[in-house]
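So, here's a batch of structures to check.
In the two complexes that follow, subunit A is the common piece, with subunit B as its partner first and subunit C second.
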Partner chain A sequence: MELGARVRFDYALVASKLPEIFQALGITLYTWILGLAGACALGFLVAVARRYGPRPLDLALGAYVELFRGTPFLIQLFLLYFGGPYAGLSLDAIPAGLLGLSVYGAAYFSEIFRGGFEAVPRGHVEAGECVGLSRAQIIGRILLPEMTMLVLPASVNMAIILMKETAVLSVVTVPELTLTISAIGTEFYAFVECLFLLALFYWGLTEICGWLGRMGEARLARFRFAAA
Partner chain B sequence: MTPIIFGLLVEAALHTVVISGVSIVIGFLIGMCVSAARLSSNRAFAIPARVFVSFFRGVPLLVQLLLIYNLLPVIGINVPSVVAAVVGLSLCTAAYQAENLRGGFASVPRGLLEAADMAGLTHFQQLVRIRVPIAFRLTLPSLVNEAILILKASSLVSVVGVIELTRMAQNLDTSLYEPLQLYSAAGLLYFIINRALALAGTAAERRWNWGRA
Partner chain C sequence: MSEPAIVVRRLTKRFGDTDVLHEIDLEVAEGQATCVIGPSGSGKSTLLRCLAFLEEADAGTIEVHGEPLGFVEDAAGRRARLPPQRIRAVRKQIGMVFQQFNLWPHMTALGNVSEALKTVRHLPRAEAEARATAQLRKIGLENRAGHYPAQLSGGQQQRVAIARALALEPKIMLFDEATASLDPELTGEVLNVMRALAADGMTMVIVTHEIGFAASIGRKIAFLDKGRVLLAGAPQDVFRKPRHPRIDQFLDTYLDRGAAMLI
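Let's turn to the complex of A and B:
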């Protein structure tokens, strides 16, 4: 079959699908941003708990981090979405996807933050202790601001990885872009064209993200402390 | 879960290992060419290499796999889905490995190349005996890392119907209705393989502790 004969995009038909596509785009962005926020927050908590918590907690969280970094996201998602109901946790596709992304991303973010904490010179923390800052103040006023610059590149990288992982959510029927576009491609028998457009879309989004990350780094560079 | 079921999962894990292993090796060879093109001063090579790296690192692997799986028959190449899967994984890992190797090639100490010049080694000899081994040694940690990433990413080829560990767990689940046990066991197998890879990586790094700049 000739390629040209197959590529027959009926723009009226595609236009009729536009609301669906925009909705799917919304879900992709929504799961990404919320999942990213969840992963960031949870990862920060894990990093703090491992640094200041009791040793058994540190060991348990260490095992969590290793397990979630050592297994595929898809398996984690299946366990949550298909296995969850057997363990009394019945979630719809989107909440399951959000939870899965957060827990998966948090394992990586906790390591990023741990590295960030460790990179802040000990003297700064000791100085804070000497002037009588509480632990929360040391975290909020010394560790966090100083490490933001240090963890930014890795965090932007992780944000991009999570964005790409949202495509995997299509496998557990989250109606995001990959699932929607694939369905439209099947319907119009234009799978390759649709997928190619989808790939271009993700490509553009990752490039924009990377660019924003570099801009942010350049802006924050003036906060880089001398010891770094 | 019976031992027979677990045996099926272990067998499927071997498929996962073979698929990932083949993809890593092919990806390394492609990555080598791409990084060479990327470092070339000829823009006709450098720019396509940049686009290649950017595309395959910027698009979700799942989308790449679906695209390749559906594209191959359209351009008249009818291959089993496992071949499409290996092509997809190889291209994706090639893009990442090309970036790693670029760093490795850039950090080959200049003095060694000057010494090689002095000793009368040809450019090709320098490439084969100095640049490639040292770049390989320098990027060994990131190569192991990449192997672990690809092993995990290979779970996505289940989506295009390749029978490997994830797909086997899925198939068994449709008849056994034991998702917790099956996916936990599959996850554990992935975890064990990853640990083994990481251990082999550190052992190899310790054994070949030459070539550091």
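Let's turn to the complex of A and C:
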């Protein structure tokens, strides 16, 4: 077989790989959405603990945030997946990826939520105290919903970043889009085409995510703070 | 005369080195409006926030219908903080209205008024909303029940905030410059609601810059200056000439606005 024939992109061959590609897309979506949910929930807990917890806990969580924002996700994931077993934490590829994404994303989300807490006017919390709401009720009924509209743009941004970070899971053998499509590229000697296709996938997902975010913002716009 | 609703004794609050409140003594009679006036920075709002337990005083005591609020002091002046459930029991008797309304923007007017009925009083949703609707009707905003705060005028927002406090049936209502952030033409509707409450015999403590309103509604006026009660008494005693020179000076600043004409 001569080389020139292999360099040309063969759409029929790629089409034969479509089931595999869609399965990979499923895994990308799965790890992204679960990782995002984990990052969001964990980040919220971290923000609440830092705001209301004792000072040493605040300091410890502050160190966690600095550490995980200050190092590449790739290295964190390597350490978790390949170093974890030495610390007694043996995880399969997908659970390791989910945990890694959650812990990494939570560091950012906790800062987004911290800013959100601070942006809710103090008086809204005081009004809650005056009618007898408990601290948990103030967090759940006032701070969380009010801050949702404030942190939505930053959170959509973070969701997009985490979506693209799922590509890193390929290095620990999670069969998501990047791993799968670059494997196809290797198989057919069609690296450029495959990488191009891969970029299109991520771009498309980003657009969908941004569109959902704008819809959410539009829905929440009617709650905008009234000028006093 | 019946027992006072609130008794404040030697209440002192410091921010850093300055005494924002210095050994305040004040009695608030039951069923009457007590107005607290004074220049900016005199400590009026801080006093009211102490009564709402949004600020914790550094010394002195507050009693609400004979129950200590937050702290007790023994004869030697040693202070002890009361357990949270006792603080909550006293705070339950008190409703607070803020200068900035502080409605929750993600809830409708009805949601704002019914929130604590549902989550604190644990009433079923239907009953909580029925009571909230009744409160909104009283302030003439029943037809705005489904509106969000951002869709209401400032005056309407403040009336909803009053309804939110009243829904919990407090024995005492505190007003912290309730009309100060409203356009002049919107203050009237809020003052009218407050007048109606006073006529109903609600015990009220009103911090205000509306001197004419204070003189007309207040059965007692307390004039605060630099964190001290300079003068307290019936409006005619505080405002009738010859007046305390400090009050004269204070009222002069209102002459331009025509408010003193009402006195």
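The rule is simple: the second predicted complex is superposed on the first by the 215 of 228 C-alpha atoms of A that agree within 3 Å, B and C clash if a C-alpha of one lies under 4 Å from a C-alpha of the other, contacts with A are read in each partner's own complex, and residues count from 1 in each chain.
Everything below uses one rule, namely that contacts are C-beta pairs under 8 Å (C-beta built on N, C-alpha and C of every residue); 3 or more make two chains touch, one makes a residue touch a chain.
Here the structure is a predicted model, which means the values were calculated and not measured.
Colleague: Quick check on the subunit A-based superposition: subunit B and subunit C, clash or fit?
Modeller: Once subunit A is superposed (C-alpha atoms), there is room for both subunit B and subunit C without a clash.
Colleague: Is subunit A touched at more residues by subunit B or by subunit C?
Modeller: The larger set of subunit A residues in touch belongs to B.
Colleague: Put subunit A at the vertex: what angle do the Cα centres of subunit B and subunit C make there, to the nearest 10 degrees?
Modeller: 100
Colleague: After the superposition on A, what does A:75 contact: first (subunit B), second (subunit C), both or neither?
Modeller: Touch partner of A:75: subunit B, not subunit C.
Colleague: Which partner does A:198 reach: the first (subunit B), the second (subunit C), both, or neither?
Modeller: Touch partner of A:198: subunit B, not subunit C.
Colleague: Which partner chains sit in contact with A:176 here, subunit B, subunit C, both or neither? Use first/second/both/neither.
Modeller: A:176 contacts neither subunit B nor subunit C.
Colleague: Report for A:86: first if it touches subunit B alone, second if subunit C alone, otherwise both or neither.
Modeller: first
Colleague: For A:111, using the defined touch cut-off, is the partner it touches subunit B, subunit C, both, or neither? Pick first, second, both or neither.
Modeller: neither
Colleague: May I ask you to decide whether A:67 touches subunit B, subunit C, both, or neither, giving the answer as first, second, both or neither?
Modeller: First partner only, subunit B.
Colleague: In the superposed arrangement, does A:206 touch subunit B (first), subunit C (second), both or neither?
Modeller: First partner only, subunit B.
Colleague: Determine the nearest approach in Å between the Cα atoms of subunit B and those of subunit C after overlaying the two structures.
Modeller: The answer is 29 Å, the least C-alpha separation in the overlay.
Colleague: In the complex of these two chains, what residues of subunit A are touching subunit B?
Modeller: Residue list for subunit A touching subunit B: 1, 3, 6, 66-67, 70-76, 78-79, 82-83, 86-87, 160, 164-168, 170-171, 178, 182, 191-192, 195-196, 198-199, 202-203, 206-207.
Colleague: Please output the residues of subunit B touching subunit A within their complex, sorted ascending.
Modeller: Residue positions touching the partner: 54-55, 57-64, 66-67, 70-71, 74-75, 148, 152-156, 158-159, 166, 169-170, 173, 179-180, 183-184, 186-187, 190-191, 194-195.
Colleague: Can you check the complex and tell me which residues of subunit C touch subunit A?
Modeller: Residues in contact with subunit A: 52, 54, 88, 91-92, 94-96, 98, 100-106, 115-116, 119-120, 148-152, 154, 157, 161, 164-165, 168, 181.
Colleague: Where on subunit A is subunit C touching in the complex?
Modeller: Residues 121, 123-124, 126-133, 137, 141-142, 145-146, 149, 222-226, 228 of subunit A touch subunit C in their complex.
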